[in-house]
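For reference, the structure I am asking about is given below.
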Amino acid sequence: MENAADYAKRRVTLNDQVLSQADLTMKRFFALDHDTYGDGALPRKMKELIGLAASTVLRCNDCISYHLIESVEQGATDKEITEALGIALVVGGSITIPHLRHAMAFLSTIERPDTMSDHR
Amino acid sequence: MENAADYAKRRVTLNDQVLSQADLTMKRFFALDHDTYGDGALPRKMKELIGLAASTVLRCNDCISYHLIESVEQGATDKEITEALGIALVVGGSITIPHLRHAMAFLSTIERPDTMSDHR
Amino acid sequence: MENAADYAKRRVTLNDQVLSQADLTMKRFFALDHDTYGDGALPRKMKELIGLAASTVLRCNDCISYHLIESVEQGATDKEITEALGIALVVGGSITIPHLRHAMAFLSTIERPDTMSDHR
Amino acid sequence: MENAADYAKRRVTLNDQVLSQADLTMKRFFALDHDTYGDGALPRKMKELIGLAASTVLRCNDCISYHLIESVEQGATDKEITEALGIALVVGGSITIPHLRHAMAFLSTIERPDTMSDHR
Amino acid sequence: MENAADYAKRRVTLNDQVLSQADLTMKRFFALDHDTYGDGALPRKMKELIGLAASTVLRCNDCISYHLIESVEQGATDKEITEALGIALVVGGSITIPHLRHAMAFLSTIERPDTMSDHR
Amino acid sequence: MENAADYAKRRVTLNDQVLSQADLTMKRFFALDHDTYGDGALPRKMKELIGLAASTVLRCNDCISYHLIESVEQGATDKEITEALGIALVVGGSITIPHLRHAMAFLSTIERPDTMSDHR
């Protein structure tokens, strides 16, 4: 399985390729997608966990990987991530299990600052 | 459109009918589904908002109605609900718009205690 | 909720309307769809139960209604139908619950010959 | 079934309700959605037919209704609409048939200018 | 393509990783998922074929692989498996064809006892 | 990523394997699928772009690859393909972005006749 660092690199390369060929519709969508997860009434961490659960029920591994990285960066603990994935499992059914496997394996490749290890 | 009170009644009646014919698999699933949204590392309000967004990207009006009622009961504000639905819209695309319409119309039929009106 | 007799009538009327406007692609698809559930290595009853479970995980109430009628006509018992729906629930998750409610309510409107009542 | 005129009215009312509660994310999405179907390398009629087929495979009746109205307004003939729906049927399978029924019944309620009747 | 033996090994490893991080929700879901396919009113073979068809219309290769292995173990013949997949193809449309390709290629890697070869 | 030439070869090999084990249902479906994209009221190019957008909202990379090859063969320009993909992005949401990345990367591997380069 691709680890978090390799995924992040590949994502940037492919997004660059999309945007180099994109029309205005795509460019506006990408900008909107980015802005959706900024702070608001809900803190960013919660938005990322919502994005993670939505990606899991829709069964998109690349989207799961992205929101896992962002969730960890926003300070989500392993327990919080596990609970968000658990809700997705119950909502989306056993068909999401392969994506749960991906999520758990991918999560273990995301580097965290040493100071965070106490909170996990 | 069915309002929140009528929906809640119909839901109980139909669930009773399902459970009267259910086998052990169904009964265990219903129990698990119920327990998934209890307090944990994530507060119940956040779990309901995750359930709401997951239901919206999967485009299930009955599920949206249920999680809207529960979200309000757990103290979610209109702004928080709108943000959770906004994430679902961007993740799930324009195909979710009819469900956004349902959500906003249904939300306006949920009764809130007077004391909550200040927080909205 | 529309009962089985009314559903069957509406289905025929609407199919006639589709076929009166259909091109060759649609006509061939409808013929293929019909022939798929004939006897083969699997008995018809099993094919209808497979169609029922597939319709449930894809969350299509009209398709569920159709396969429920056909399953009963092929001799499926309530217990067999419940088990097929239970598998669909576990595979497809809580998002299928509104369709389970539909299935159980609709099933109770399907008339069965008196002689079958012993087998249920 | 709701006819085209009633659908169009309900859609505006509900969209107004959504937009009155919408945050910036939703407003930007609605604007983008609108602009996506303007003339470009592909003529508007073709974009509406693409939107129609996409709505059909995703099985969204409200979205089908909308794109049917727009397709007719952009001059799509019944034969062109039928072919777009036929592709959706083959791509999306028998699970789309109830939506095909909706599409054909709804299409017959859309008013066309007299001068167009020759071309159908 | 990963063959059946390698898939089975990878599945166990990844499930172990999931369960080592799982909360109670996940553990209960995994137990329920396992128990759903035990003998009941429907024989296990039929339950596995239902799981196979449901996995195919939902387009989950890992789930297809799992139910193919179990179907063969429960004595399903190639003809029965092909019919279950054929129903899934008609229900789910051409979008399932890549998963049909996966299923047929994977099926050919599943080892069967010599004594079964007469029945295929 | 698999380039267009390798994909085309693998597709033929796997289809041969499916058809060697196929029952009548599958064979009829494959024939119907093929015939659906022939010239009609809509030109083949438009049908392929509809197939491309439908494949994108349903998030099937193999289907996207196939329709990209066919679209280019029918004379679709990069701008037309980008617009069809842009509609799919807005209809299907951010969950389609990984498939957009696939589409754009795969498109760059499709060989075009020299004489076409002026039109792109």
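Residue numbering begins at 1 within each chain, and the chains themselves are lettered A, B, C, D, E and F in the order written.
The working rule: contacts are C-beta pairs under 8 Å (C-beta built on N, C-alpha and C of every residue); 3 or more make two chains touch, one makes a residue touch a chain.
Because the structure is predicted, anything quoted here is derived from the model rather than measured.
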Subject >> Chain located farthest away, centre of chain C as origin (C-alpha) >> reply: A
**OP:** Match interface E-F to one of C-E, A-B or B-D, accepting only the pair for which over half of the contact pairs are the same residue numbers.
**Re:** B-D
**OP:** With contacts defined as at the top, give the pair, A-E or A-D, that has more of them.
**Re:** A-E
Original post:
Could you state the distance in Å from the CA-based centre of chain D to that of chain E?
Top reply: 38
**OP:** Would you mind pulling out the distance in Å between where the CA atoms of chain C average out and where those of chain D do?
**Re:** 28
**OP:** Can you check how far apart chain C and chain F are, centre to centre, with Cα atoms defining each centre and the answer in Å?
**Re:** 32
Original post:
Counting only residues that touch at least 2 other chains, which ones in chain F make the list?
Top reply: 23, 25, 29, 32-33, 36, 40, 54-55, 57-58, 63, 79, 82-83, 86-87, 89-92, 94-95
Original post:
Within the complex, which stretch of chain A touches chain B?
Top reply: 32-33, 36-37, 40-42, 46-47, 49-51, 53-55, 57-58, 63, 77, 79-80, 82-84, 86-88, 90-92
Original post:
Residues of chain E touching chain D in their complex?
Top reply: 57, 89-96
Subject >> Interfacial residue positions of chain A with respect to chain D in the complex >> reply: 23-25, 28-29, 32, 35-36, 40
**OP:** Give every residue of chain C touching chain D within the complex, in rising order.
**Re:** 14-15, 17-18, 21-23, 25-26, 29, 33, 54-55, 58, 60, 62-63
**OP:** Please give the residue numbers of chain F that touch chain A in the complex, ascending.
**Re:** 59, 78-79, 82-83, 85-87, 89-90, 94-95, 97-98, 100-101, 104-105, 107-108
